[in-house]
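Both complexes shown next keep chain A, but they swap its partner, so chain B is in the first and chain C is in the second.
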Partner chain A sequence: MEFPLLFWGVLAWMIFWAVAGAILIKRRYLAQDLDTSNASFIGAMSGAALGPVGLAAVWARTPKSSGYLTTALGLLTVLIVAVTFSFADPDNICVTSGGFVASQFVNGLIIGIIYGFMALGLSLIFSILGVVSFAHGEFYMIGGMVVYFVTAVFLPGINPLMGVLAACATAFAIGAIFERLMLTPMYHGKIDRPIEYGILATFGLAFTLQYFVQALVGANPVKAQRFIEFPRWRFPAEADPIWIKTSRGSMTLFEQVTISSPRFTAALTCILVLLALLYLLHRTWTGKALRAVSQDREAAAIAGIKPDTMNMLAFALGGMIAALAGALLVQAFSWLPQVGAIPAMRSFVIVVLGGLGSLPGAFLGGIMVGMVEAAGTGCVPDPQKAASYIPAYGMIVLTLTLLLRPTGMFGRRFASGAHGQF
Partner chain B sequence: MTTFRLLTATAVGALVTASAALAADCPIKIGGIAPLSAPGTVVGGEAMREAMLIAQEDINAAGGVLGCDIEVVIGDSEGLPEKGAALMEKFITQDGVVAVGGGYHSSVGVASKDVAQRLETPVVFAETWNDTITGDKQKYIFRIAPLSSWASATIWQFALTVPGVEKVAILTENTDYGIPASEETARGLESGGVESVTFSVDIGTQDYAGIVQRIKAENPDMIITLVTGEAAYNFTQQAADAGIGPLDLPFVTGQDALESGAYWENVPDGQYAFVQRIGVPETEFTDKGREFAAKYKERMNKSDVESYAMEAYDSIAIIAQAIEEAGSTEADAIVTALEGIEHNGTLGKIYFPYGTGKDPSADGKGDEWWHQWPDPALTMIQYQEEGQDSTGAAIVYPDAYKTADPVFVNQ
Partner chain C sequence: MTKQIPNIAGVIVLLFLAAFPLVYGAADYDYIMHIMITAFFYAILAASWSMLSGYAGQFSFGHMGFMAIGAYTTGLLCHYIYLSPEPTGLCTETPFFGQWLVVVNPIGVTSTTLTQDCLRQAMDAWGGRVEVTRMPVPLGILMGTIMGAIAGFLVGMLVLRLRAAYLALFTLGFSEILKATISAEIDITRGQAGLELPPLYPDGVTLFGTYFEPTDKLPPYYTMLALLLACLGILAWLAHSRFGLFVRALREDQDAAAALGVNTTRYKVLVFTITCAMAAAAGAVQGHYVQIITPNLLFLLQMSLVVAMAVIGGIENFVAAAIGAIILQVLLELLRNSFVIGGIEVDMTIWRLVFFGLLLMITLRFFRNGLIAPLIAYFGRVGVAEETVAKRASTLTGPGGGPHRTEAPD
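Entry: the complex of A and B
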């Protein structure tokens, strides 16, 4: 970095006013007996983005601040950091190469969509059952393993879609059986400490699945073939730069942004399945019943909904979503029985970041983590540190978010047994 | 009278052997460290485990040691230093091993050697490269793997022979293997006037999309991978997807590519990759090497034998010979025997010229030569055909072992 003092100086200024804003605006809200859940966040963003001027304006106009204003202040803060960085490190590749920035942006977006999709399953389970599933990574692993064994070992040459469907069916069945056998007793007063029981039971499932698969198939890395191989194509054929160029394993946009076939198919499928899931939740009786249980279990039961069935369905669906993410990524990454550990950890981060039990929060949290990781990997000046800190980038965002908004981006306070609302 | 002396000597010999056997608890236990779970290199760990078990079978079939069978107690290090240290402690204090062989990850070797030294138990590390493992000159620590600095030298010296290389991108894992290896490689390249840029990642990283784009933006003429396990597979294939893989520019991939079945399954676009290999080509194997390779291939249903499997086998076999020569399972006696040993192993004649009897400095050598086998052969191979076995791949460097000229895809 050419001018580190400039960058760290501006950052220190922003942090100082963000901390001051978080404390002062919260006190202001308290003094006026207002809901303080968003106060620290508004104060911090106004202080970070506009310094004492912004802070004074928010102070004077309390409580006339909207979600739009907060979002705008947040985006302005990010923009100021980016502009300062560009002045402080003018030779950084993130400043000098638009093509590189575009490629990192697309990479972050694609992997973020997949992260968010996987976290969605975890959030769905938590919002209905109130249980954090520690077996989420193992469902992800099972999904990939089933696809590999179906498409490469048992029925080589079969359409990969069959493998994906088999993975979904397997995970759904495991989830449903496990929930019925192990988690249902939690809801009938048979367990003294249901929360702890739920955590331990899913931990047990995680270990069982992981070591069962290892005993069954070994621990050598495996990988499925690409589901789709692009035909060689250039469009427009004579243009400079060529807008779209495809080769067997990847697609290049404007000769700058390369997207591999496995990532492209995985992200596209995640978006399509997300839309289908939203349709299920918002347009069908089953989805409405799931949402009803997430809001108020007893009231839903009075309305004729069977909460136990919804619990089973939610756990099975959540596991299936994780398995689908794994089924789509086994063509991109080498697969082992332990492959789910890192994605599961990342899902926990995303779910807490987005707000426990919030499906939009989980999805947007995933995209945010993906983008932050891509920005960190691409722009941190020291190449020896850029990729080493990948796991830390998400944690930094999580820590900052929880400091300013303990319920996460879209989280709500728990009330009367409800664990979230999607 | 001569007959009487002969009978007496035979009787005394038998008595000594029997009493030694009685002194030792049968079976004699030897620890075997291998990474059998992620984030360790499971491919390498499974190969080493089977090799050590074959060593156990061979030794027991030949009559065992001090009249006892040996039992190789396999432990999973997971490739993590804290697990490695705990495993070493367990081997010695709970399992009652008299010595330990195996070991794959340098970070595990670095962490566990101090435990073995403290508990005064001899260790012959098989595949841990970090120079400090022997460089600390600890009495109970031996190694048959090459030093990291030697291994790195082979790679950078080879890189300097590649025509048109002015800038090299190095991807390394931030471990006790990767960090020094990347520093040594960068220094070596610099000495030859070649610029390098090093990117480091966590062990077990899966997604390299961002870092691959960053490497691509550096526009390197060659890529060197100093990453172990499936992480190297992931990186190599993702680089290939982005147009900077082995089919696009000279590309040294991780050593686990020697496991050719897994390599081709995980890196379908991995043709023309270069891989470092320890040990001579199969055509020059010793009798013991050939015998082991045949058993190993049959048992593992593989068409090739990896160098780390051979090292693992030798690490157990050399301990067994040392116990036999020491006539005891007592640690100091084993160390003395190891310091004077000449073991005809699968990798060649193994010996340790420097130790308590002769300090490396006496010959102007660095401390890392302490209890270090000086002669492991280091070669670079290239997969010149898709789906090729590693033992059938062309040896392209150094000239002493060369079987074919390298193919430089960008020429």
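Entry: the complex of A and C
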């Protein structure tokens, strides 16, 4: 970095005013007897984006918190950080090369879609059961393992689609059985402190599954074949630059952005399954019943919905979604029994950022985290350090979200049940 | 008499643990002693975690983070701070009571040897003329404990508003941030290569006329046992005082407790500070004992081990949690031997953890107070039930005749 003082100075300035804003504006809203649930977030963002001027304006006007205001302030903050960075480090590849930025952008988008899809499963489980599943990463790992064993060990040469379906079925079955055996008693008043019990039970499942797979498979990394090989194709044939050029393993857009086949198929499948899931949730009786249970268990039960069945379905579906993400990514990464930890952490970050229990929030949060990760790996000088810090970026987002706005972007407060309060 | 069984058993176990290193003399002495020391280490963590989660209901997944704060504080202080009678002229240094406090510059793991830092260069120039002293180990452990308490205090202040799943995720995030930072700042912490610490007793120790080498297992055994007993003593004192009553009220219903006049903020922060300080102390001592610390201390699986031990022992009873930790740690080591059934070799190094996970789930589902705590409670309550029944019978046949109370509560 050429002018580190500029960057860190601006950052320190923003952090100072953000902290001041978070505390002062909260006090102000409290004193004015206004809704304080978003006050610290608005305070922090206005302080970070506009400094003392913004804080003074918010202090004087005490605006009602609207989505537009918070989004605008948040975007402004991100923009200021980005502009400062480009001034502080003018020779960085992220500032000089547009092609690199586009490539990072597309890759971040793709990985973000997959992360978001996986987080969707976690969010679905939380919105209906009120349990944060700590076994989500293990479902992801099992999905990949099943695909590898079906397509490479038991039945070599079989259509990979069969492997993916087998992975989904396995995860669905494990999820359903676990829910029925371990989590159902939570909802019949047999457990003292259901929230803690839910966390511990999924934690136990994660522990058992991980070591069970390790005992069966061993600790050597495995990797599945590419599912789909692109045909060689150029479009348009004579143009310069060529818009789309494909080779067996990858696709190049405008001779700048390269997308590998595994990531492309994974992202495409995720979008298709997401659409199917939205159809299920909003257009079928089962989906409506699921959403009804997430809104109010007792009222849903009175209306003739079996909450226990919906619980089981939700947990199994959530696990299946994670397994599907794993099944699609096993062609891109090498697979170990411990591979689930990183995506599980990402999923926690995403669901908290998007709002625990919110499905659109999970997807949007996933794309944002994917982008941040792409920017973090591509742009930060000293790549080795940047790579080590990547898990921390997400966790900083998580802790800040929990402190400033525990409902996340689209979260709602849950009326009752085991969801817990904050 | 039966009521005293847990106490008698406790005394017997204590005597056994105290006498064990003196009477045991088999060839695998060092190995067994190492297992026991590690078991005590986990027992401190499990007991303090059960105080935090079981008593106070603050479900933290960052306990290993505080442990690592303790270990890394003492590790970094011992690694970077020296006392020298003469100024080196190379390092950052300040006068300190007639001597010089030297802060060694971080060189990380990139250098070919470990002796390239400014102090080593200065010592080469002096040619053995000047003796520098390292930071004393007990002071390092004390600093680690204080740092753990400060970190616990800060986290406690931050999480006042968060409950249940939100708290679990926040503390998990804290632990992950710490892990990423330690792994990334290779210059200072040496990252995955691990930070080397001086042994617990760098010059050896003489006990009752017997000299023990720094690598001998007996002194750290008693040190860790003493730390465990001290922690259990503090926890017992806290649990039986108003503090214990208040934090349990906090667990059951925070709002109701606040409405009845419990200063919830204060007790929540206090319980975080105390238990995190204990975890940090355990981490610091263990760090000096094994003499190397890596960021892998912070793996979620390490945390899950502590959680599982506390749950299987009994999450709402810290003594049971500590006993559970010791038993499970010993058991896990004994189960390491692989065996062969019907021509298939069963690799017990992994399978034992599978069984451990299953045991955790079964305990959670069917024995929600753990496996050890009900035993203690059973013997502790033997007389109580009869007494209550007798009292009820007497009130039924007594002058009042009804199921209402006749005598005033004392």
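Observations, loosely collected:
Following the convention adopted for this analysis, the second predicted complex is superposed on the first by the 413 of 422 C-alpha atoms of A that agree within 3 Å, B and C clash if a C-alpha of one lies under 4 Å from a C-alpha of the other, contacts with A are read in each partner's own complex, and residues count from 1 in each chain.
The rule we apply is simple: a residue touches a chain if its C-beta (ideal position, glycine included) is under 8 Å from a C-beta of that chain, and two chains touch if they have at least 3 such contacts.
Here the structure is a predicted model, which means the values were calculated and not measured.
Using the contact criterion defined above for the overlaid structures, shared-chain residue A:F100 touches chain B, although it does not reach chain C.
When both complexes are overlaid on chain A, the residue A:S66 reaches neither chain B nor chain C. Contacts of A:F212 after superposition: chain C is touched, whereas chain B is not reached. By the touch criterion defined above, A:P185 lies against chain C but remains apart from chain B after alignment on the C-alpha atoms of chain A. Touch criterion met: A:L402 reaches chain C, while chain B stays clear of it.
When both complexes are aligned on chain A by C-alpha atoms, chain A residues 214, 341, 384-385, 388, 390-391 touch chain B in the first and chain C in the second. The touching residues of chain B, when paired with chain A in their complex, are 36-39, 42-43, 45-46, 174, 197-202, 204-211, 213-214, 217, 229-230, 233-234, 237-238, 240-243, 259, 262, 265-266, 268-269. Residues 126, 130-132, 181-182, 185, 191-193, 195-197, 199-201, 203-212, 214-215, 341, 345, 348-349, 352, 356, 384-385, 388-392, 395-396, 398-399, 402-403, 406, 419-422 of chain A are the ones that touch chain C when the two sit in their complex. Those residues of chain C whose C-beta lies close enough to touch chain A in the complex are 53, 57, 59, 158, 161-166, 168-170, 172-174, 176-177, 179-181, 183-186, 191, 251, 300-301, 304, 307-308, 311, 347, 350-351, 353-354, 356-358, 360-361, 364-365, 368.
Taken together, the chain A residues at the contact with chain B in this complex read 93, 97, 100, 103-104, 107-108, 110-111, 152, 214, 218-223, 225, 247, 249-250, 252, 258, 260-263, 332-334, 336-339, 341-342, 373-374, 377-378, 383-388, 390-391.
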